[in-house]
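First the structure, which I've put down as structure tokens, then a few questions once you've had a look.
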Amino acid sequence: MHMHDTGLWAARYQSVRQQSLAIAAPLSDEDCGAQSMPDASPIKWHLAHTTWFFETFILERLEPGFAPFHQAFRVLFNSYYNGVGDKHPRPQRGLLTRPAMAQVRDYRANVDARMVALLGRALDDAARTQLIALLTLGLEHEQQHQELMLTDVKHLLAQNALQPEYLAAGLPPAPAAAPLVWLPFEGGMCDIGYAGSGFCFDNELPQHPQYVAPFSLASRLVTNREYLAFIEDGGYRNAALWLAEGWDWIRAQGIEAPLYWRGKEEFTLMGQQALDLERPVTHISLFEADAYANWAGARLPTEAEWELAARHEAREPGAAAGLPHPGEPVSAEEGGLQQLFCHCWQWTSSSYAPYPGFKPAAGAIGEYNGKFMVNQYVLRGSSCVTPAGHARASYRNFFPSSARWQFTGIRLARQP
Amino acid sequence: MHMHDTGLWAARYQSVRQQSLAIAAPLSDEDCGAQSMPDASPIKWHLAHTTWFFETFILERLEPGFAPFHQAFRVLFNSYYNGVGDKHPRPQRGLLTRPAMAQVRDYRANVDARMVALLGRALDDAARTQLIALLTLGLEHEQQHQELMLTDVKHLLAQNALQPEYLAAGLPPAPAAAPLVWLPFEGGMCDIGYAGSGFCFDNELPQHPQYVAPFSLASRLVTNREYLAFIEDGGYRNAALWLAEGWDWIRAQGIEAPLYWRGKEEFTLMGQQALDLERPVTHISLFEADAYANWAGARLPTEAEWELAARHEAREPGAAAGLPHPGEPVSAEEGGLQQLFCHCWQWTSSSYAPYPGFKPAAGAIGEYNGKFMVNQYVLRGSSCVTPAGHARASYRNFFPSSARWQFTGIRLARQP
Amino acid sequence: MHMHDTGLWAARYQSVRQQSLAIAAPLSDEDCGAQSMPDASPIKWHLAHTTWFFETFILERLEPGFAPFHQAFRVLFNSYYNGVGDKHPRPQRGLLTRPAMAQVRDYRANVDARMVALLGRALDDAARTQLIALLTLGLEHEQQHQELMLTDVKHLLAQNALQPEYLAAGLPPAPAAAPLVWLPFEGGMCDIGYAGSGFCFDNELPQHPQYVAPFSLASRLVTNREYLAFIEDGGYRNAALWLAEGWDWIRAQGIEAPLYWRGKEEFTLMGQQALDLERPVTHISLFEADAYANWAGARLPTEAEWELAARHEAREPGAAAGLPHPGEPVSAEEGGLQQLFCHCWQWTSSSYAPYPGFKPAAGAIGEYNGKFMVNQYVLRGSSCVTPAGHARASYRNFFPSSARWQFTGIRLARQP
Amino acid sequence: MHMHDTGLWAARYQSVRQQSLAIAAPLSDEDCGAQSMPDASPIKWHLAHTTWFFETFILERLEPGFAPFHQAFRVLFNSYYNGVGDKHPRPQRGLLTRPAMAQVRDYRANVDARMVALLGRALDDAARTQLIALLTLGLEHEQQHQELMLTDVKHLLAQNALQPEYLAAGLPPAPAAAPLVWLPFEGGMCDIGYAGSGFCFDNELPQHPQYVAPFSLASRLVTNREYLAFIEDGGYRNAALWLAEGWDWIRAQGIEAPLYWRGKEEFTLMGQQALDLERPVTHISLFEADAYANWAGARLPTEAEWELAARHEAREPGAAAGLPHPGEPVSAEEGGLQQLFCHCWQWTSSSYAPYPGFKPAAGAIGEYNGKFMVNQYVLRGSSCVTPAGHARASYRNFFPSSARWQFTGIRLARQP
């Protein structure tokens, strides 16, 4: 899409922005205000923060005669950009009953109108280049928050004894999972990181050479059935399977199953459901993924192994619309590497670190990714709630080793 | 009011119940869902819990063919009655985005209709006696929650950098406070506790003889001006004035002024206001009240001293309507004991303990007061947000020594 | 003892001081350095702090040409006197491996020699009066720490899987406990607080009139056998018996028996022993004492009731020497009020508060008692590790409601 | 050293074992018992645990008629081996006043005698191979604890206001640091990990190919002078320099200088000293090292870069005797890579992870390293308190990103 295709950019902008409102549509204003834990944010906050991003990083720089929609929003909806100034304390986002949802909708509408107007203005090439780069970043940023909206609201609803459904639509039972096949990869010198002409995040850059030893990768994700076997074999009670920190953690927290399992049922965005043994296990920590792999006589892949194997697919197959789409279960006939995208993010054994030569952007926007590159682990692929077209083979998601409220799963690796 | 005056009871019931909705009226559904700290509850929760009280303790016992409005509400809206069964965890009341406010309003309407119907039924005298006793308790209980609704929402709005107002009406400046006069009381043997024919809580019973040594009481509450002098004299930096636990606490918490002071302004239910130096200081802990009294060369009264002095007033003068009414400032001309009611709850040096011969009621209703009689301190009087007609001279309010979000103030005492 | 009986005062001083060393005698220097929890202190710290008390409050004021034994000790061994200056952080007392025990012994010997020399000096009457008053306070203070040394070392040794004994001497089985008899008291106006000519702490003053309603008191303490029946009847699992804060606390802490019970054994200063069912139950919190009393259909006494009943005994019968003496079990023949002293401190329902007219002393010494008069409860009597001659009927011990490492027990009361 | 050189092995065993006692020699028994924080252990515990290692992993397997020195020591002195059984809680190691130091010395003497006897026994080759492998591991393990003894005792003494010295010997001022020179390395495919015939830890295996991009490494460590310039330039107040987690951490902890800096002085094992600006900065976290590198326009090296650069040195030059030896400052004339060993452990940007093909040993001994491979970062080199001959180019030390009590420093890297 050429940067001077003004109308196309405006259409794309409005499409992505509209999708955030669509995600909020099944929810009441009350649902949108609550924060179930410090790691999660209220839906209303997501809707406002993504708007703040466009207002702060684009309108404030490029809009003639810029004036903020509301002075206080600069602080209220700043997530973590120290370069922008003060921030509202993260664990207290659920206390922001004002501005009301209606005012946040107004905020969105106001910024959207100004953004569309700005896109239609005549700009010199330097300004337009900057505009399109920031616009693209803002839309990818909004897509990331679209996924978080769904994981955060799932976590919120899961705290409620009424077992509320986000969507009433039931989930059909999955067909039997395909047999797990070990696919060998030769490895060798390869280029890791993004090198295409489209968008990527700064943490996927620069593409750089890396040596990868030969390895094998499982053809599909670990299923609920397989994970249940691990549990029933005493997996959560056998210290020998666990990283020391993980063992201490599951015992201190009393963890003995994936986050949303309740006996043989599972809490889902469609409410409480019978546990579907054919689907990939999800909502587990890195600690649990690692213990499972040990139990299974395998290991987790490195992010380079995963990327090398997934290289042939530039982007995940477009899922329908960005509302939760469970991903089609793998039918038994298919061969090859399955469930790379659209099912669960896949824990790797790679800690989240800068690629050789990584340089964050100048200014506050440089805080986007780089400052989080410590004590977190990389996940690859995408999940059933990742917006269509958002992920790709070089995409690096990252969370702390104890995170469980994302749609996280397991793909095994082993020596060839 | 005779127990057979069915219509009058129904009218009183509806009047008190309506008042809770009136308190919620200026608030959005979003405002009503948030919980700013574990000690506070969402407005929606207050509205539902007070309804649960009538449903659980009256309808469940006395309504023919009783069926609950919603089975899960028994757990969701149980505050602390172990005898009733499980409870939703207190710090997570703000996560109950379902039931929606609308459904809670339906719950209230449903229970109200059934209560009024029950009041109109023919009942034998024993049943009617029980009904009226429980109804009265339920209404007094609801009035207690009406005060908490206002203190809780004040705490919530105070967390918001937008400084939202609960009411737009400004607060007129108070006239100059009257001079503080020391009023002597002879003391001697006296009867402490309630002995009238109206309603009182079980913790005001039984009336019992007690010896009170001669004492003097300040004619009015300590003002903001006086408290500011304490601060400016280094009151918060002088360990010698403080109880050891209080000193450690203010230093650990970084406390150096009343809860809602912000420089020379104060956050109020009418938004941020200039600090009115003529009004009584409020939103202070027992620790601060005690340190101020030490600084002033005085002490806090015991609850017996307070009650003895206040005995001549059976109930506080009816405040207008139960919405926050700041209480009229004391005009300089008045003599005698002023500001007993309708301004601030007044910390006493008495720990909250059972009166000699105290017996809690049988069953879960007996958990109302008795099980809290440890590590709390008694406050006497009433505040500007106490519903009209709720308090009386023998009334015992109680909070932990560090509580500051109630309208708490200081009346000094000393040896005569 | 006349204040001019120089030799007698010196002898008394040396006798009390020697007793502290005797308590430490069975312990290694290593034992003396460890701190098992913030509430407890190392033996070495007790030995140094009691010495600091004499040096700071007597020698510094009255010794000609005073120079401190070691400048840094003023901070290291200050317990809580803000008026004296800085303090070493309480939870880190166990890290003071220097000064060594040997140096602390030198410190004691040095201060002792200077104290004896000061006692032998000619002083005017005002100075001698002050000297004797402070000396007496210092010795009573040291006796309080002698008890703490034994409770603190018991707590320390109890953490050790080797089950070390403080004393090798076994504890003979107690004879059968006498039947519990309810002794009625008429109550009425009485004078509470100390009024004799000997020593008392400031918190026992002033004696003041108080009305006490008629009551009955149990003739002896609750036994291990009786407490075991409470446990076996589900006492720790029945919320209806507990104060709300106590119930939350035992569940959060996983408490289901007295502190040192291990099945049917009990850890004692003589090592692990079979639980002696005839002895008084000890090492329980106020919460547990209160729950037991509820279960038994009784209540805890107020401190005034206890003192009134115990009034006829000016002091407890002198126990042998101040090392742990379990107290003679009550033989069945005795009548009257038994086990007032020398067995367990007895929880009362009275919160620790100043008596009417209480005035702490001027200066740092005034911090001795007054600043702790909040959120604690009074215990009366004395325990098997209280030094002989230390307690009396008006003596007020006090601890938070959750304290269990002292020798605390239960005497029941009820309406007559 | 051939495995049948019985006498040589016994001599080496005794030499290493003796060194631990030499480290404890300047300390009193009291010093040896205290634990200053959960991450540190008492000296006595180190002395006993290293002995437990030989008893549990060698004598228990290979000694005929094995009987433990003391049954309870199996639990008391187990550090973290779940495969061996229960463990004494780590934060309570300082409460083990029993066994006494004298008994721990007896324990050491007893195990030493049995070990020497075992070494002298005739064993078949398989048994002797196992013996020598475990013996070597035990001695390397003991050396690791020798370093910890010195860092732990430094931390303990630093808590004491008396500023005690571990050693009385003063530290001579260092000569001026050499200019920092950037040394370029070509990188390319290289073999990382140990491949010699001597001892290495399992985490250094297997040697494996890795591609390293060209890089430059600083010729020496960052000095106190340079780090002071960072501080004086506002380094600790500039969020833009910090990893997000590091920024939150230094603000929550109030950190604004290396751990033992006190103004322009530094607490050392030789007591409080003037800060020597020529020496390498030490006792900093990974967060601080990373922020400094950002400020300096550089970055931390990866562990592969460090190892590649250091490859030419098989082991660090033998430091004198294993007592703290500050490492000779780099004289200005030297060229090349300086201060690789014997000064400070050097933070790398590499998280601690298994090498491709890593396999922990079977049984409890396999818990030695592998289970800690998460949420920690690798340090390379060795420090002034690392025993002589212990480290090598492939050696991987590891600590959490917030650890500061080790002798940790900074070597900068950058793109060539």
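Per-chain residue numbering starts at 1, and chain names A, B, C and D are given in the order in which the chains are listed.
As a convention for this text, a contact is a pair of C-beta atoms (placed from the backbone, for glycine too) under 8 Å apart; a residue touches a chain by one contact, two chains touch by 3 or more.
The model shown is predicted, which means the values in this text are computed figures rather than measured ones.
Enquirer: Considering only chains that satisfy the touch condition with chain C, which of them also satisfy it with chain D?
Expert: none
Enquirer: Taking contact as defined at the start, I'd like the list of chains shared as neighbours by chain B and chain C.
Expert: Chains in contact with chain B as well as chain C: not a single one.
Enquirer: Same or different, please, for the chain A to chain D contact, judged on whether over half of the interface numbers appear on both copies.
Expert: Same; most numbers are used by both chain A and chain D.
Enquirer: Quick one: which of A-B, B-C or A-D reuses the C-D interface, over half of the residue-numbered contact pairs in common?
Expert: More than half of its contact pairs match C-D, so it is A-B.
Enquirer: Look at all chain centres (mean of CA atoms) and spot the one farthest from the centre of chain D.
Expert: B
Enquirer: Which integer distance in Å separates the CA centroid of chain A from that of chain B?
Expert: Computed from C-alpha means, the inter-chain centre distance equals 47 Å.
Enquirer: Need the CA-centroid distance for the pair chain A / chain C, whole Å please.
Expert: Once rounded, the distance between the two centres reads 60 Å.
Enquirer: Just give me the whole-number Å value for how far the CA centre of chain A lies from that of chain D.
Expert: The mean C-alpha positions of chain A and chain D differ by 38 Å.
Enquirer: Could you tell me which residues belong to chain A and also touch two or more other chains?
Expert: Expected reply: no residues.
Enquirer: Mind listing each pair of touching chains for me?
Expert: A-B, A-D, B-C, C-D
Enquirer: Could you list, by residue number, the parts of chain C that touch chain D in their complex?
Expert: 28-34, 36, 44, 72, 75-76, 88, 92, 94-101, 156-157, 159-162, 164
Enquirer: Flag every residue of chain C that touches chain B in the complex, lowest number first.
Expert: That would be residues 80, 82-83, 189, 208-211, 213, 239-240, 242-247, 286-287, 290, 349-351, 353-354, 356-357, 367, 371-375, 401, 415 of chain C.
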